[in-house]
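Presented below is the structure to which this report refers.
All chains are identified by letter, namely A, B, C and D, in their written order; residue positions are counted from 1 within each chain.
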Amino acid sequence: MIAVEILQTVLLVAVAPLMAGFVSKVKAGMQNRPGSSILQPYRDLAKLCRKDRAVSRSCSWLFRLVPVVCMASMLILAAMTPFFYTGVLAPYGGLVTVVYMFTMYRFAMVLGGLEGGSTFGGMGSSREMMMSVLIEPSLLLGIATLAVLSGAGTDMGDISETIASMGIAAVGPALILAACSFMITLLAENARIPFDNPTTHLELTMVHEAMILEYSGRDLAMMEYSSMLRMNLFMALLGSLFLPWGISSTGEPVSLLVSLALAFVKLLTVAFVVALVESVLCKSRLFKVPNLLTVSFALSLIAMISLYIL
Amino acid sequence: MVGTGIDAVYLILLFVPAIAGMLLGLVKASGRIPVALCAVSCVIGMLCYPYHVYSPDLAYEIPVGSYLGSYAVSFDQLGSFFISISSTVFLMIVIHMSHSGHGYTPGYSGMCSALFLSVTLCMCAETAILLLMAWEAVSMVTFLMARAGMDEGARWRFLAVTHIGGLVLMAVYGYMWVVSGSGHLGDWDGLGTVLGQGTSMALALLLFIGFGTKLGTVPFHAWMPDMYAASPTHTTALLTTVCSNAAVLMLFRAVYSYIGADGLTDIGMVVCLLSAVTALWGAMESMVQTEPKRILAYSSMENMALVTMCLSMGLIFWNSSSSLTALVTLAGLLHALNHSVFKSLMLLAVDSVEDVTGERKIDRMGGLARVLPALSAVALVGVASLAAIPPMNGFISEWLMLQSLIGTNAISSDLRVAMPLLIAMMGVCGMIVATSYARLFGFMFLGRPRSQGAADPRPLRKGSISPMVILALLCIGMGMLSYPIMNVVSEGACLTAGIDASYRDGMSGSLEPLTLGIMILGTVAVVYAASRLLSRREEETDTWGCGGTLDERMQYSSEGFSQPIVRVFHPFYGDTSSIENGRYLTRFQEPFVKYIYNPLGTAIYRVSRQITRVQTGNIQSYLGYILVTLVVALMAVRLI
Amino acid sequence: MIPSLAVLIAAMVVSSALCIGLRRSRHVSAVMPACAFVLFALCLWVCIPVLRGETIDDGLFWMDPLSAVFMTLVGFIGFLASLYSRAYIGLEAEEGVVSRKENGIYYSLLIVFISVMMLTFTVRSMAVVWLGIAATTLVSTFLVGFYSREESTEAAWKYIILCSVGMTIALFGLTLVYASTVGVIDSDSALDWPSLMEHASELDPNMMRMAMILIIVGFGTKVGFVPMHTWLPDAHSQAPSPISGLLSAVLLNCAMYGILRFYGVSESLDPGFASTVMLVFGLVSLGAAAFFIVSSRDLKRMLAYSSIENMGLIAIGFGIGTPVAIAAAILQMTAHSVTKPILFFSAGNIIQSYGTREMSRIRGVYRSMPFTAAAMTVGTLSIVGCPPFAVFVGELSLMLGALDAGMSWTVAVMIVLLAIVFAGMARNVFPMLSGEPPEYARDLKGFSRTAPLVVLIVATTALGLFMPDAVVQCLENAASSVTGVFS
Amino acid sequence: MDQLITMNLVDLCAVLMLLTSVMAVATTRMKPLITLFSLQSVFLAAEAFIVAYTSGESHIYIMCGLTLALKVVVMPKMLLYIMGKIHVDKEIDLSIGIPGSLLASGFMIFVSYYIAEPLISTMETVERNCLAISLSIILIGLLMMCTRRKAITETIGLLMMENGLFLGAIALSHGMPLIVEIAAFFDVMVVIIIIGIFANRINKSFNSVDTSFLRRLKE
């Protein structure tokens, strides 16, 4: 079944820019403007790879290492996430390792931001860290809820398999609350609208973009690609862990095809929801963000406690 | 009993050089002999665990004992492994010390061997008198080693708090000594049944408080930051790594094997809560410090709080599922060991940076990565393992802790409702600490130099980088090869505490650290190679400054970096910000010092002023005291 | 008469006469330490066999292991004090503070003082013991009032008045004991300790209780139990440092010896009474002394309060009453006698070099007088009970004794008070050692200034670290002879 | 029958001694204080003579002789000589006034009776109720030392305590062994000599014997 796992990872990596393009297309549709084509992200990345890069004098060797580390961590995560088949290419450590890989990604980006000594880099890093301090607990509690709900520990393949096999019985308050909290975390992590505007160019409001301001050429390509991949992975996780019905655990081609189709449908719906939220809401003030994130933390806390009380 | 000849040879090689180093240091012998002797002892100490595998029951009793029993040492699996790791760390610090530019006096290096001696004795003492003596000697030697520091108050506050902790431990060990009837720690197992529920709970709490003074649990942590900042960096490194290891090992043995952990659930909960508060407080305070050594002081406080939290959770899980207890105690002990490795690496790096730039505060550093790439690479490894980034050893113990917390659905007791709060606490704590380390590394090595010292630093001293490189490799090694280490530590812990289950079936998820590590490093290498295939043209420009040229003052300052988090957690910080001669200053008043230490100090002083009024100086009142005492005593006798 | 005892007493008389005779000449400052050393050697010759268990019992003299322990301490510290005073008073003589005549008087008084203290422990009858203690008071009054300043006259005056009142109360206690033995023991050997111990059970209990109270309050004034301690800080701070070292190390033990003898009798008559009284006085002394130390400003007064604190600890040891605790108390007493002179002698050096006793005005001793600062650090760390010194072992065994007797509350109180003592002591002493020394501070060196300190530091470390079985056996004998178990 | 007479005589002497010590507490001038002290010593000697006569213990006669010689004749003369040399003013300033000290001494007598009550019931010697009186004389002596400011009065207070002590010794057990008596006696003498020396030094430095000047050594 290695072939299926490799296919799954390759698929996840390849689809990422498509999803980004799809989200911007839906947003454009919502604002009834034509918007760029779905494949535009691929073209941007290709263009960036060909351009040469400008490196500031006050940057050190770390500046060149950060994009590589970000890209590598996201690729490994892609190998760890079940998309349409429960078996994964790198089953070494469950959801807890996933969270810590995200921390690794964020840590590298913050150091990248502090390079070059520009004001915006420092500002982006400090705001990013503030938000991640509030995201981490709800992320961990979400994982704990899944582990306790499925009773299968933190290995992602087993979780999606057991929840799928539990069918409707799994759809209790715990799972729904955890899914909502995970959705908010998804928005916050990937710097979507209520928390940070991904398409903005006004440095004072940027969080995620400010950190990669210094990068150019193929480094910027790698950074862009890894953030798209992160977005895609979050959506895939939401799909395969919180709504895993239909994911195939046996290897026969028939169930694989069905679960592939289902997985894509789930991915598109989540992307549509993200785009919908982005066009409806506007970016909230930086120190309003903690209130929103505390909502997500409360949701996941209640989700976990409800498992024990109910 | 002295084992075979080789045992005796090993013991002699382990202890005699340290004793010689100490005596030479005291008699102010010049040159590097005391340092060399101390290094020899450390090397032998490193071989402790392998030697334990070779001859398991190594024990020895010195014929001439003290009034309260003989001096005996015995090495069990857990103790010898702890000694090996601590001696490795000790060796690295000593090597760095000998190469560092501080020019320490022979007395100082004599003290180093004395500290090695007392810490090793703490870990392998067989009789209570030797244990107590070694423990007090540790704090005394650290006190003397801090002499070269600037701030006097910090030093004696450290000695006062740790001595009070020592007195509490003397009472607890004395009580167990009296109850068990013999001075040998060997036959102190399971005193809980003899002591009864109430007293064993009281003893366990006192133990946590006694050792809490050294590990920095919340009410007793006030001495830590000042002591770390004031004393020479090598003393701080030894204090936070080697002495904390000894404290954790003694705490584990005392609670789990002497008292026996059954029936201590409530104490477990209380200490768990206390350590959670300590961890949060340590993390939050490390965010706002401006000196690297103070940041690392609060981070030690946070790490040690996680260790005590694990040990106290072991008490909660004890009667419900022994496999979870095995897992959580393994997590605690392994975290203590990992902490000693990466914390010593960071402190040595900080010392080199301070030596090279001559600056003390992070706001005056910056841009060193460009000038000293090797030092910054090593420091990056340290910071990564501190922040629990996957391939490093910090990640492994955090992973184990989270696993044990998540696995709590297996336990039946009603305390498991509190588990989600603990998970959340660990999440917040982990991320704040990661932020403060990113801030530490970022403001020391990245960006543009903020002072003349940072702009053109002196060249790094020859040979002072090698111990740090070894420690960095150790961090990565212990991270990737942690599987065998986990087995050894857990087996030793189960042996000592009498847990019969294996930690493996307590884990609700699988982790192969080796393959994970190889995959991460492999992928990074592959991606790096792939990226080099693309266009390699590179152009040198200035940092983007919206058109204007940026000078170093326009970079983010360290207060600015931590300002969002301070605003989010404002009620806890007690911060007051003010504008003074053009600079925006935020001052932090440590609430514990304000509400506990200062009132306590003034109360004692006021009471003593009242009592000394007895000494009026006039002989009539003195004679009056005698008359009153005589009459009262006679009446008392007559009435009773 | 046992030859060794006879030689010792003869040596005492000869050396006293010699020193008094030579008091005018310059050599007295060399002769006197030699005589003290001879006395110490002879005292060892007498005490070693007694320490091993056999008692000397003939005519006027009677010695058992307890008195042997005290006597050895007197000999040892007496010799070291006289060696140190050679340097201390020598410097004062050079500076003209002490004239040639006073120098002579000092040394003759010192040799008489040591001899009288030694004799107190050899006699059989408790009345003569009382007389010995009274005699030591008289001799030491002149030593306390040695300087002609007003303060030392005032200190001597208070010392003589308060101690005489204490001795009178103790004498009345003795009369009551004698009265209670009227029907039981024939009159001429009524107050002899061995006979008292034999007939202890037949004595009249009410009379003995009242007698015991009077004796504890009377001798307690000399020991320095808190309500009656008021003379102690004044006397110790005004006396010359070697003398205050001797006073607090050994004279307090002398008075405690008087209490211990009757403690044994009372414990075998109605066990529990005398020990409770001792426990009460011990705790009160420990508590008050702890707070005195925290707020004291004068260096030697603080050391005097720490003597009160240690005497409180020893009284608690006897207050517990079990054989283990009594052995621990005797060990603590020995440890205190060996450790306290280190502090007083190094304090003497500091005061002579800095010219002031005000702790807030003494800074930078580590830089100006390295050896004295090292001795002061060792002394302070050992007196507050840090290992590997003897007081740590003493305090730990006291705690074990208390826990063994089930007095966990006493241990808790002890810990809190010891912590306050530690904080107070550290707060006062360590700032003195560091910082910048004033320019007038000069380093005082010399054999007779450093030798006693080195010998004492080695003694306290050895006593703390290693206790060969022979020494442990001596302690056990001494402890059992307090309650007369085996004699 | 003579048992009864001796008991009465002994009690008479003891009560007279108590009376003198109460009066000493009440005097305001130095000279009557010294005469009262010598009077008390005379009664002590009489007491000793009676006890010696009835119990036939020969060594108490020596005690009686010593008391007469030293305490009645030598000691007052010495005190007067010291007072003359130091030309101390005759006035004794009491710190709590005459009524206060009298009340206090009454309380002391009550306390000593209350304390001695269980002991007296068990004793069989004829002078058993002297114990309470001797204890009260000691306590009153101590009270006197507490409330007087002059150095000389403190000495006299101490001597009165000694008298009470010897009364107790003689009354309770027909006197202690001889060597003890003599030893105690000489000790008192030496104490008085030393106090004289220091009183002289205090006078030289403070040119007054008022101990209220001695306030320098305090915390």
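Basically, a contact is a pair of C-beta atoms (placed from the backbone, for glycine too) under 8 Å apart; a residue touches a chain by one contact, two chains touch by 3 or more.
What you are looking at is a predicted structure, and each value in this text was computed from that prediction instead of being measured.
What's the fewest number of moves from chain A to chain B, given that each move must go to a chain touching the current one?
The fewest touching-chain steps linking chain A to chain B number 1.
Count the touching C-beta pairs: is C-D or B-C ahead?
B-C
Point out which chain occupies the most central position, where each centre is the mean of Cα atoms.
Smallest offset from the overall C-alpha mean is found for B.
Using mean C-alpha positions as chain centres, tell me how far chain A is from chain C in Å, no decimals.
78
Just how far, in Å, is the C-alpha centre of chain D from the one of chain A?
101
Could you work out how far the Cα centre of chain C sits from that of chain D, in whole Å?
From the centre of chain C to the centre of chain D is 32 Å.
Distance-wise, how many Å sit between the C-alpha centres of chain B and chain C, to the nearest whole number?
That pair's centroid distance is 43 Å.
Can you tell me which residues of chain C touch two or more of the remaining chains?
157-158, 161, 165, 169, 210, 233, 292, 295-296, in rising order.
Two or more other chains in contact with one residue: find those residues in chain D.
115, 118, 142, 145, 154, 211, 214, 216-217, 219
Identify all positions of chain B at which a residue touches two or more other chains, and write them in rising order.
Residue numbers touching two or more other chains: 612, 614-615, 619, 623, 626, 630, 634, 637.
Where do chains touch, given as pairs?
A-B, B-C, B-D, C-D
Give the list of chain C residues in touch with chain D in this complex.
It comes out as residues 125, 127-128, 131, 134-135, 138, 141-142, 145, 150-151, 153-158, 160-161, 164-165, 167-169, 171-172, 174-176, 178-179, 182, 187-188, 190-191, 204, 206-207, 210, 233-234, 237-238, 292, 295-296, 301.
Could you list, by residue number, the parts of chain A that touch chain B in their complex?
For chain A paired with chain B, touching residues are 49-62, 65, 67-69, 71-73, 75-76, 79, 90-97, 100-101, 103-104, 107, 110-111, 114-123, 125-127, 129-130, 132-141, 143-144, 147-148, 151-155, 203, 213-214, 217-218, 222, 286-287, 290, 297, 301, 304-305, 307-309.
Which of the residues in chain B come into contact with chain D in the complex?
Contacts found on chain B: 612-621, 623-624, 626-627, 630-631, 634-635, 637-638.
Given the complex with chain C, which residues does chain B contribute to the contact?
Within the complex, chain B contacts chain C at residues 64-68, 129, 132-134, 136-137, 140, 144, 147, 152, 155-156, 159-160, 163-164, 167-168, 170-171, 174-175, 177-178, 604-605, 607-609, 611-612, 614-615, 619, 622-623, 625-626, 628-630, 633-634, 637.
Name, in rising order, each residue of chain D that touches chain C in their complex.
Where chain D meets chain C, its residues are 115, 118-119, 122-123, 125, 131, 134-135, 138, 142, 145, 151, 154, 158, 161-162, 164-165, 168-169, 172-173, 176-177, 179-180, 183-184, 187, 190-191, 194-195, 198, 201-202, 205-206, 211, 214, 216-217, 219.
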